[in-house]
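Two complexes, one shared chain (chain A), two partners (chain B, chain C).
This part shows the complex of A and B:
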């Protein structure tokens, strides 16, 4: 045997260098070529075959959908499936109504709910104290008092009730699925993940039409759509937490002979606790935002007064309940975040449990007194009447008038510039080209940007959009989405790079962005409506503001994640700041940038739809009309499906584009089993 | 190093009947269709070629050995040689592809799920390189974890856990959380957790590799002390030869999943099975490991009347006596004369060491 010089080590072996790639045109150049050709063709063919469908016109398929709805409604008493969904809806409704009689509406024969505002506030404050400490208790107290003070006590309570009933059901359904996701094989995982992906790419609005069909309108539909919307983050984040429990710990405890149930209960769940609470936080925030939108299907809560005011273009009237929605969002977000930190501390023995129990027991005494008083004293049962809400609304209205008078020129100018320079040309290109030209151009772009993997879903989605008969509207909505995304990405790049390069900017902006992310999208429409009136542009700007926080944070984190030694190395060669950003930091964080663009697209799409009723028109308007007129239901449903198809198409193209990227697709990543073994 | 002589080296052959642990022809082939490779000529291919051809990796390749009651059996090899896989196969934390693992007369590979749990709970406990403690539990509840999952009532298991915490020298830290302890102390918790269930067999997978050298030495001494007090059978995995020589009654050397040599420390140093073993034992101070048996020579004619030394005495310890005495010393195995040593025999070992590159 020959002398062994170096021990043979399987892992140490270098992978063979990738074959040198032949140089060719970069992808963006190809994309520009495609667009150039498109413009030339458009110049000669515009206005032909645009598949425009008039306001009251329907295609055969849309009529069939309406027929389908009528058939479903007619079979309500015979079809077991519909009976089942209606029964389910009935239970949800009863749960909501029971809670309402407890805290928000008069419980006949009482002229007031069972528990008045003082009692509810006291209990909420006590819960805040118990789960998160006295600071949060103060925040909760202030929030609840403001609900009453501004005259929206019962709408606020209704919103809370819908949110919590939905979240409770979401937890009941979601936790077992999260455990499944966290513990099953890769196959089970990829199935659940694909389903969740589809749900999460669906803009909020789209759930509503089928849900109304199967659950009726009102509280039941509100709970169901909120529940469906709020479920994915919980499953995903909690599942991730369970899956991320270190395999060494699992192995060590397995070696002691635990059953899989013991493993779950004593090891996986406790160790994933913090992540699970984060998932719960996300679920509650999602639920709140959907519960406000559920006002479209007559769901109870603060969304109702906002929506009614928006329909009337009454900015002041929308402002007060909109502000209270923000207050509630901040309260819920802060409370659950603080609760997660507190529970982590408690789990690590950093909190004196005995002392805490005593404090809570003592604090319970005034809570009980408040409860009792709120049942027997009118002032503690119904929030005392005052004029604060209306006067704030008036003040906001006169401020808006003044503002529009003073700055109307500037906002008008801004609106016109963007409209003329971006929206109109793009809309003309997308929507006024013959449909087959646009379709070909989109497919070519998908191929250039994302390769064959993007082309396949694009073709399928385009065929679907064509079939559902709303091609022209779809192209207008697509335009709004694209324009918005461009604006979002401009903001994301500017602010993201700035944040990544300046710690002080990060410290300043991040809390604002965090707060921005917790606000339900609906609320953004209010100030934009005040500034720009009911137009396409309003929806776009609201969407940009809604999508910007996520995108900015993604870019900032991506750029900040570029290894500092690489940046240093480039600096040592004498690169200018501009070169450093464009040649090192941006290319190296391409993955995050593409992800930001993807998120921006989906957020914009959902806002383009919600904005349908404040002048955005197109698909969003078709959907809204579908709620209100039974003969338009089919068209609304077709619009909903078209929106989903647009969402899936954009998502797939963006993902494929990101994966094609040699930088984000990192071949040196170690296989999963190597990273965990010694 | 005095501890070396404290525990008697066992013979190389272990009577099969009362072995605490016996492993026969154990295989583990990672990857899809690993079991189909077994028995085909492919199984004999070197690792990279097999990987290339089938995508499978041989973790453990036809390994057999036996461990006697109360023995400290060390498995050593470089990283990737299959040690962790081997020790995990013993309690089926990794499911072996083929072979037998017999613990206390029972074949582990044939046990059903509940029987296997029973075995893990009562017969074999393991200490891990990365501790694997539960961060949300106090030390005492980490130690009592094994008892808890067996359903021992809280009071009883806390009492037992406190006892073991004491045994590993952690009294006073019962109510700390793992992240408040240093690495060495965390591993003491790991050790205590393994001991709490009072298993007959203790398995260690590179338990001290993640620790600083000084703390590692303390922990090794701790294991030696515990072995003296409790006399448990131990299978100890390490990639550190010094650790293997210090702790092991016998040492099994692995390479690429295969057994290269099994033997007592002095056999490994004195008669390395091949160049591979010779290569990485070359820097060990031989006088610290070899016994007189390895350096003595045949008495030519009369053995003389020099001082009497035992054949299993370490060279280093006997050196003083031999060098002080003029002429050969007698080496006895019990009452029987087996050879003689003189100054030159001793110096050959010691000088060779000094010439070796530091």
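This part shows the complex of A and C:
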């Protein structure tokens, strides 16, 4: 056997190395050689030792995990730790419910909340004016009115409340940790970073049941699961900001004899303020993206109508609250960004403070009037009912129906081509090779692409995947992630370059990209299912919708960042547009493209669980199964851990391959990892 | 300086105008205090015999229909404060012990959960079996109506292999595709297919929404589809689905999961409640204990919600109004 396997080292498939570098084969050529050898080995060994595990079979480790959870559950009345966390959950619940009675639900015996929509809107607009100026105030006004106009006032307020409570707690816990991350040694840094990676890639469905066990159902569970997901960006980005304060500044102030507390408070925190705000911004966005997941455990907010519409197959009904989540995300994003810019300006004394105070004081008068009215008058307390929400929902439903009817045939063809040409061959290679062959090939690829730096984590992660007993499913999920990333990168290159070269395209596409990133995937799952049926391809498309915006933005920013004088120079030599793009703009934005690919991979992976809900099977299905049936929890947890391991492996390989490109290391350029789903 | 001053004057004037207009407009409203008073009176009258009723709402429309009908009656007739909680099954059962969930109104059979929470099954005793709710769950293999019409012999499992190729999809690797459904449902399809020697492969849709969409599209576009489906389910009111005959169910034929080669049994759906709540003096205990209705009743309310686009509250209220005798029987 071995003699048959050995010769193909001189595979014909290996492309001729470019003549310019005759001595060293480039990395991609080595990678192709590895893949060539892998294919030959696969041809002789496929189907052996694939470690397939049946739908309802478990390994011992998975059973142990289930048993462990059962033991914790059985001890809930006596376990002091659960008593403690439960009390904590009660406090979260009380905080949320108090806010709800203030602004979102009737405070019995009143038929309405203490403060009606008019008062809340007025206060919000005033805050917008105070922190970020009149443009933002207008945006805030428009957003709040749209919450009421579309008929989701109370759900919108609930989502705001949950976000507010979770982000407040995140700041309380996160800032000390960020300081720790910003001041600790390099080793401590990489340990904290790995822990944050785990938090961010672990699918929420895995820890949703334990959260309910420890913190209770409803608002408390919503706050905690949002908190877990939203905390890492703050710690990571704020920590980076604190670390990036120039050492010369610190030395200079140290020489004045300050204590380390003074140094932190007077120098490091103020100088990192801008980055900290970016972290806060990302935390808020991450919190919003948990809205629909939290609805699975009765978390209040806009996620509830989205989920309820999903199980009625009512696309329009899910679309309206889904879009309001987008509106809220855009509003909070622009407000925090503008607020940080405004405070920067104020700190430099560019704003007339006295004038500003007067404006705010005058503006406070109508706010107080509105507050007062919203307490006493029905029309100002409960948003007047109207038909806008349902009619938009109907329009969306008929549009979806028309779209599915009109394009059903074409999409079927596209699905089959991608499935036959990309998914099936890749899946066969990855999942049908014996596990040791696939493992060896992945390790070889890691070594070729990223050197020893990449090999180490790859080996550790592969061992982990093997131990948790879902190797075959893991390889199928990996395949779908890779295929999706290929599609994402094609889109990123086409649209990214287009956006960078045409300002008008950029203006047109950005809002769409923002929406694609923040809209809950549940909104578009049903049209996807109608077009493509419950298949792996559907899962990939859903992932691409979520992952492509990030990649497109990164490529667009990278290409736009190529200095215009370089482009001018190439133009003067008579380069065509095509040459200009391929020889100048793309090579010069290589760092951004690699980063885009890295993010694309991780975002695709984060949609694995969504994939499990639309027929993709594999790890995503295992996670959903574990969430749905208590006896399968251990398997679901194993699948979740496996997703984390795949994520860390891909990330480390991609980063090592990017030669420690500075961009890939800057966490402010590293959007939060995972989706609203999972 | 002059300019800013003028700006200020204008701003102040504008504010004054806005304030005046809003105050005038405000005079039109003003019933909040009356309603507050009314609510207080009503609360005093009801005497708080019922208190809170925490109703789990599991994510399917039929369940929603049952939950809101019981909730509406509890609220209107007994003066309960009903809290609907959107939860999956597992989470609902966990809530029995903590007082967060009082009632699960439709349970399709969760032996593992019963083992954990029902005392007679060895659990911690936080859940109590409150009997059947009158609905009968029918699980089976279904094909879209058009297929049954054009190929009537497809409704017998013995003829399925003849059509296996027609059921093939991009996911089924050359065999016929059998569409499995949500992971949380009871199912033995792989075993049945193996043991009956059928040339099919089970592909899991992963969720109810995915399954419903697949059947809707199949009926509309005349596509080949066979899969796991069930009744009561509102979609039966919208598209025709036909059940494929499997070898009949006999007692014990599903005891060994790997050896199953028979149809699914009809499942009487049950009510489970929190033990603490069932021992409390809430007047809603009797209502939940007595609640019983038919598949047709549930399908009707479910159709109000889905086809007619009514809110669950309105749909339940309509049914309650139209069926006073049934409601009276529950209140006993």
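We adopt the following convention: the second predicted complex is superposed on the first by the 459 of 678 C-alpha atoms of A that agree within 3 Å, B and C clash if a C-alpha of one lies under 4 Å from a C-alpha of the other, contacts with A are read in each partner's own complex, and residues count from 1 in each chain.
Following the convention adopted for this analysis, a contact is a pair of C-beta atoms (placed from the backbone, for glycine too) under 8 Å apart; a residue touches a chain by one contact, two chains touch by 3 or more.
Given the structure is predicted, the values throughout are model-derived calculations rather than measurements.
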With both complexes superposed on chain A, which partner does A:254 reach: first (chain B), second (chain C), both or neither?
first
Which of the two partners, first being chain B and second being chain C, lies in contact with A:240: first, second, both, or neither?
neither
Have a look at where A:217 lands relative to chain B and chain C in the superposition and call it first, second, both or neither.
second
Touching A:571 in the superposition: chain B (first), chain C (second), both, neither?
neither
Residues of chain A touched, compared between chain B and chain C (which is higher):
C
State whether A:273 touches chain B only (first), chain C only (second), both chains, or neither.
first
Under the stated touch criterion, which partner chain does A:46 make contact with: chain B (first), chain C (second), both, or neither?
neither
Identify the overlap between the chain B-contacting and the chain C-contacting residues of chain A.
none
Touching chain B in the complex: which residues of chain A?
1-4, 7-11, 13, 246, 248-259, 262, 266-267, 270-271, 273, 347-349, 673, 677-678
Under the definition above, what is the set of chain B residues touching chain A in their complex?
30, 47-48, 51, 57, 78-80, 84, 88, 91, 93, 116-122, 125-126, 128-136, 138, 145-146, 148-150, 175, 177, 179, 190, 193, 197, 203, 205-206, 209, 255-256, 274-276, 279
Using the touch rule from the top, collect the residues of chain A that touch chain C in their complex.
54-56, 70, 73-74, 76-77, 86, 108-112, 208-209, 212-213, 216-218, 295-298, 304, 307-308, 310-314, 355, 358-359, 362-363, 365-366, 369-370, 373, 375-381, 390, 404, 408, 415-416, 419-420, 525-526, 529-530, 533-537, 611-617, 620-621, 624-625, 627-632
Would you tell me which residues of chain C are touching chain A in their complex?
4, 8, 11-12, 15, 18-19, 22-23, 26, 28-33, 35-37, 39-40, 43, 59-61, 85-91, 94-95, 97-98, 100-101, 110, 112-113, 116, 124, 169-171, 179, 182-184, 190, 202-214, 216-217, 221, 257, 305-306, 309
